[in-house]
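Notes follow the structure.
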Amino acid sequence: MYRYFEDEIKEVKEALLNMSLYVEDMIYNSVLALKTTDTDLSKKIIEEDDEIDKIEIQIDEKCTEIIMRHHPLARDLRFVLATLKINNDLERIADLAVDIAWRVIEISRGENGKIAQEIEGMGIKVKDMLRNSIKSLTEENYELAKEVITSDKEIDALKNGIIEEILRNTDKVNLRKNLSLILAVRHLERIADHCVNISEDVIYILKARVVKHHKENL
Amino acid sequence: MLTLNIKEELNKTEEKTKIKVKDLNFYYGPKQTLKNISMDIYEKKVTAIIGPSGCGKSTFIRLFNRMDEFVLESKSEGEIIIDGKNILEKDTDLIDLRRRVGMVFQKPNPFPKTIMENIAYGLKVNGWKDNFQIETRVIDSLKKSALWEEVKYRLKENAYGLSGGQQQRLCIARCIAVRPEIILFDEPCASLDPISTAKIEELIMDLKKDYTIVIVTHNMQQAARISDYTAFFLMGEMIEYGLTKNIFENPKDKRTEDYITGRFG
Amino acid sequence: MKIKTTENYKIELLFSAVSFFSLLALFLIFLTLAKESFHSIKEIGLIKMITSSEWYPTDEENPAFGMLPLITASLYVTFLSLLISIPIGTLSAVYISEFAKPKAKLFLKSFIEIISAVPSVVFGFWGIVFLVPIIQKLFDLPTGYCILTSSIVLGIMAVPIITSLCEDALNMVPSSLREASYALGAEKHTTIIRIIIPAASSGIFTAIILGAGRIIGETMVVLMLSGGSAVIPESLTDPARPITSAIASEMGETVVGSLHYSSLFTLGLILFVITVILSVLAQYISSKYSLKLGKGR
Amino acid sequence: MKKVLFNHAIKSIFFLNILLVILIVGFIFIKGYKIISLKFLFTMPYNSMTEGGIFPALVGTFLLTSLSIIFALPPGVITAIYLNEYVKNKHLINIIKISINTLAGVPSVVFGLFGFSVFVKFFGFGVSLLSGAFTLSIVILPIFISATIEALSAVPYSLREASMALGATKLYTIRHTVLPAAFSSIMTAIILSTGRAAGETAPILFTAAVFFQKNLPDSLFSPVMALPYHIYALMTEGTHPEKQVAIAYGSALVLIITVLFLISLAVFLREKRRRYVNFKH
């Protein structure tokens, strides 16, 4: 029986991985759209969200079925429970990427210059965080998960720096536009927080340790 | 666009009916043990029948290969149609029926013979004479029942030397050796430990590709694990029948829900 | 396929025919005895034969076929030997079933079964060479061949039979009864006397009836030890001629077809009827009994 | 006090019982073992039964028992199979079982009368090996049937189910599954019945046995000497009792040893298998 159970767990893992790749693309495209104020790309991102929602439901159902059929225990139980949460986090990340895409549409036209470049850099960092958190799951890599959690501080610092800079350059003319930029940065920072959540869940799966709100447990 | 690997087989509804049960009633003496049962059992699917002890589930599947013949003073009404023929009719060739509908019992019941002879028994019953052919089929059956690796050097040993789980897999091998179309499992894991049970369940999942399987079990988790369809029996009545997923996640009948959540009685 | 089925049906029919052989044998035995005894019954009359007390079958001028002495002798011997074998047999059974340790129990049961197979002629032989002289000396008798001797030997012989039947009956008492009694703080002897023996009483009764059937039909011991005098015995030390003894010893001397020959078959018929009644009675009681204990599912 | 008395009473009565049997068998053993020798077993009696051996009696008993087993075997096995495998009707089973048990309770001397009237007279076999063997076979039939039924019912029902579920017919199942599985217990039943047949005297009293015979039996229709009858005859019909009693001791010991050996063997085999079966299922 274990063979069939293993297969199903593997199926879920693969689905999560695929979903995360999908979401990664969305993050990257959203910052790219921000840089180039590409509304077409933004619209595509917004449309893609439906796809992610569907996948989320499928993974949820699969997890329910695994619980129903196999009554997983111990590590397997932690895996299924954490998967449900990770699934949720990924969907939220996708939503945030969509939010960024909306900001791009709000900004519509105009030059963002240096700031946009910095936001892109932050976006790529956040995307790597996501990649690493999922990688720590698929590779069962505890160190990598830890790294993701600690790198959150870096993102926070980055966020603060960019916001400072935006505020410094803000005048009456670009107030509305810069507000959207600040929001986009905030979205990216929230994505990073979700990545931290994912990593915390990975640590829960691997070590059965709750590090959420208990950083000393790391 | 990315594609996901999640199979959606459970949502398919186009199944081929293998066994059609129509208005089946069964009496044991004055007592009615099965009441008005109608259901379709689909080809190459695992159908589980669950219910508390004495709900008639064993009686029910024993009608499929007419093992009720040995029950004294019993009477059946209605139809069980396998491949277009009502097998409850008097002129049914029971011998042929039992060859087509194999059965694995609650307790492993190997014959007190060698492993080889055990599996060859069903073939000899069917008039096989050529030893080479018999041997080939025996080996094939052992491989299919995931027992070959464990017994390949002891085919000439007595089957009672095997462990309980191995004996049960031997019984499955004996059953599939005659290439039935349907295999009935009557609580096949009731007397086995969890490891052996897991092996048998895995084997049932493997066999699903080639055979229509009906399994009676009072272990709900087992039904949930291995079956595609589940029927819930209570006091001789079929309360609910449907996709296993639906029965266990969202049962329609209150009694089913009470039973599978353990609130029964 | 159809042909095979009819073949099987034929075999089943054959089997069932053979199975009635026991019933047929029983019936044939009755028929044979009845046919052979018809002559004497018609000639003398059954009632007269049973009630008159003169047994001179070989008297040339005036043969008499009063079976009363033979029947009384049989009853005497049966009663006396039951008196010996019932207490010893039942109490031995109680010992095996309630006192012996499980391993010893298995051994003792087998042992009892084995000694119950000792041929009766051996018991008769032992009686002649061992007991007869002792009885003769003890009671200062002209001969040691008497009712007492044959009763003692028969009693000893019936002990293992009664023991093993009683043991079965005690064994059928569900252990839950025992446990219940012990759980209430009852001691072993209380449990045995108050619970187990009453629960097994009809089984024990069955055992006694079957034992009686065996004793009354036993031939060799009484033939060798009773002494053979065909008069109604007055004391325990009188010689006597029980039914079986009469049949066995006189059969060789009679002319086939004579009144004597026929009257011996009448004796056989009486014996047959008595044992059949006892046997059916015992089975009736034991079947009711097993139903009561819930064994007859 | 009462309790102690009760327990002691039961124990002592039981051991008295055992002691009695040991006394009887032991007595005969002590008196008889000196007499038994190869010569005693394998020579003919001579000098009007006061000297010589018991060879013809041994041969007679052997022939009688083996023939009676051969006669009892087919109807016995078939009846047991029919009762255990075929009949569904409870009343029918009851009727046959009651008749078997009743037959077992019929006194052996009545079997003797029956045998005399039917085999000796009606069929005209005379006092002969054949008449005796037929009579004995009816005597042992109920014992043999009961033991065989026990043997068959010890074969687990699940084996029959397994065979039937593979599409075997009833007859095939019986031949290839039930009988092989019950084979050794049926052998035990045969041994048990042999032991019983060997010790019976009354049924052969008027059907087969003679006190003395010059030659060994040469056909089924010749009368035979038999061990149990030999003991009886030596004690009651002899002309030189004091000399014959020694031979009787020897004969009795041989008979006891033979019968007890057969019965013990059967009981031992049965108990051993019972334990094995309990362990296995």
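Chains here go by letter, A, B, C and D, matching the order in which they are written, and residues are numbered from 1 within each.
Throughout what follows, a contact is a pair of C-beta atoms (placed from the backbone, for glycine too) under 8 Å apart; a residue touches a chain by one contact, two chains touch by 3 or more.
Computed from a prediction, not measured in an experiment: that's the story for all the values here.
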{"item": "Shared chain contacts [subunit B and subunit C, defined touch]", "value": "D"}
{"item": "Minimum number of chain-to-chain touching steps separating subunit A from subunit B", "value": "1"}
{"item": "Relative to subunit C, chain with the most remote C-alpha centre", "value": "A"}
{"item": "Chain whose Cα mean lies nearest the overall Cα mean", "value": "B"}
{"item": "Distance between chain centroids, defined by C-alpha means - subunit A, subunit C (Å)", "value": "96"}
{"item": "Subunit C and subunit D: spacing of chain centres that average the CA atoms, whole Å", "value": "17"}
{"item": "Approximate Å spacing (C-alpha centroids) for the pair subunit A, subunit D", "value": "91"}
{"item": "Mean-CA-position distance for subunit D and subunit B (Å)", "value": "48"}
{"item": "For subunit D, residues contacting two or more additional chains", "value": "169"}
{"item": "Shared interface positions of subunit C, touching two or more other chains", "value": "4"}
{"item": "Touching residues (chain side subunit A, partner subunit B) in the complex", "value": "1-4, 11, 14-15, 18-19, 21-22, 51, 55, 58-59, 62, 64-65, 68-71"}
{"item": "Interface residues, subunit B side, partner subunit A - complex", "value": "1-7, 10, 197-199, 201-202, 205, 221, 224-226, 244-245, 248-249"}
{"item": "Subunit D - residues contacting subunit B, complex", "value": "88, 90, 156, 158-159, 161-169, 172, 176-177, 180-181, 280"}
{"item": "Residue ranges of subunit D in contact with subunit C within the complex", "value": "2-3, 6-7, 9-11, 13-14, 16-18, 20-21, 24-25, 27-28, 31, 74-75, 78-79, 81-83, 86-87, 95-96, 98-114, 116-118, 121, 138, 141-142, 145, 169-171, 195-196, 198-202, 205-206, 228-229, 231-232, 235-236, 245, 248-249, 252, 255-256, 259-260, 263-264, 267-268, 271"}
{"item": "Residues of subunit C touching subunit D in the complex", "value": "4, 8, 11-12, 14-16, 18-23, 25-26, 28-29, 32-33, 35-36, 87-89, 91-92, 94-96, 99, 106, 110-111, 113-115, 117-126, 128-130, 156, 159-160, 163, 187-189, 192-193, 210, 213-214, 216-220, 223-224, 244, 247-248, 251-252, 256, 264-265, 268, 271-272, 275-276, 278-280, 282-283"}
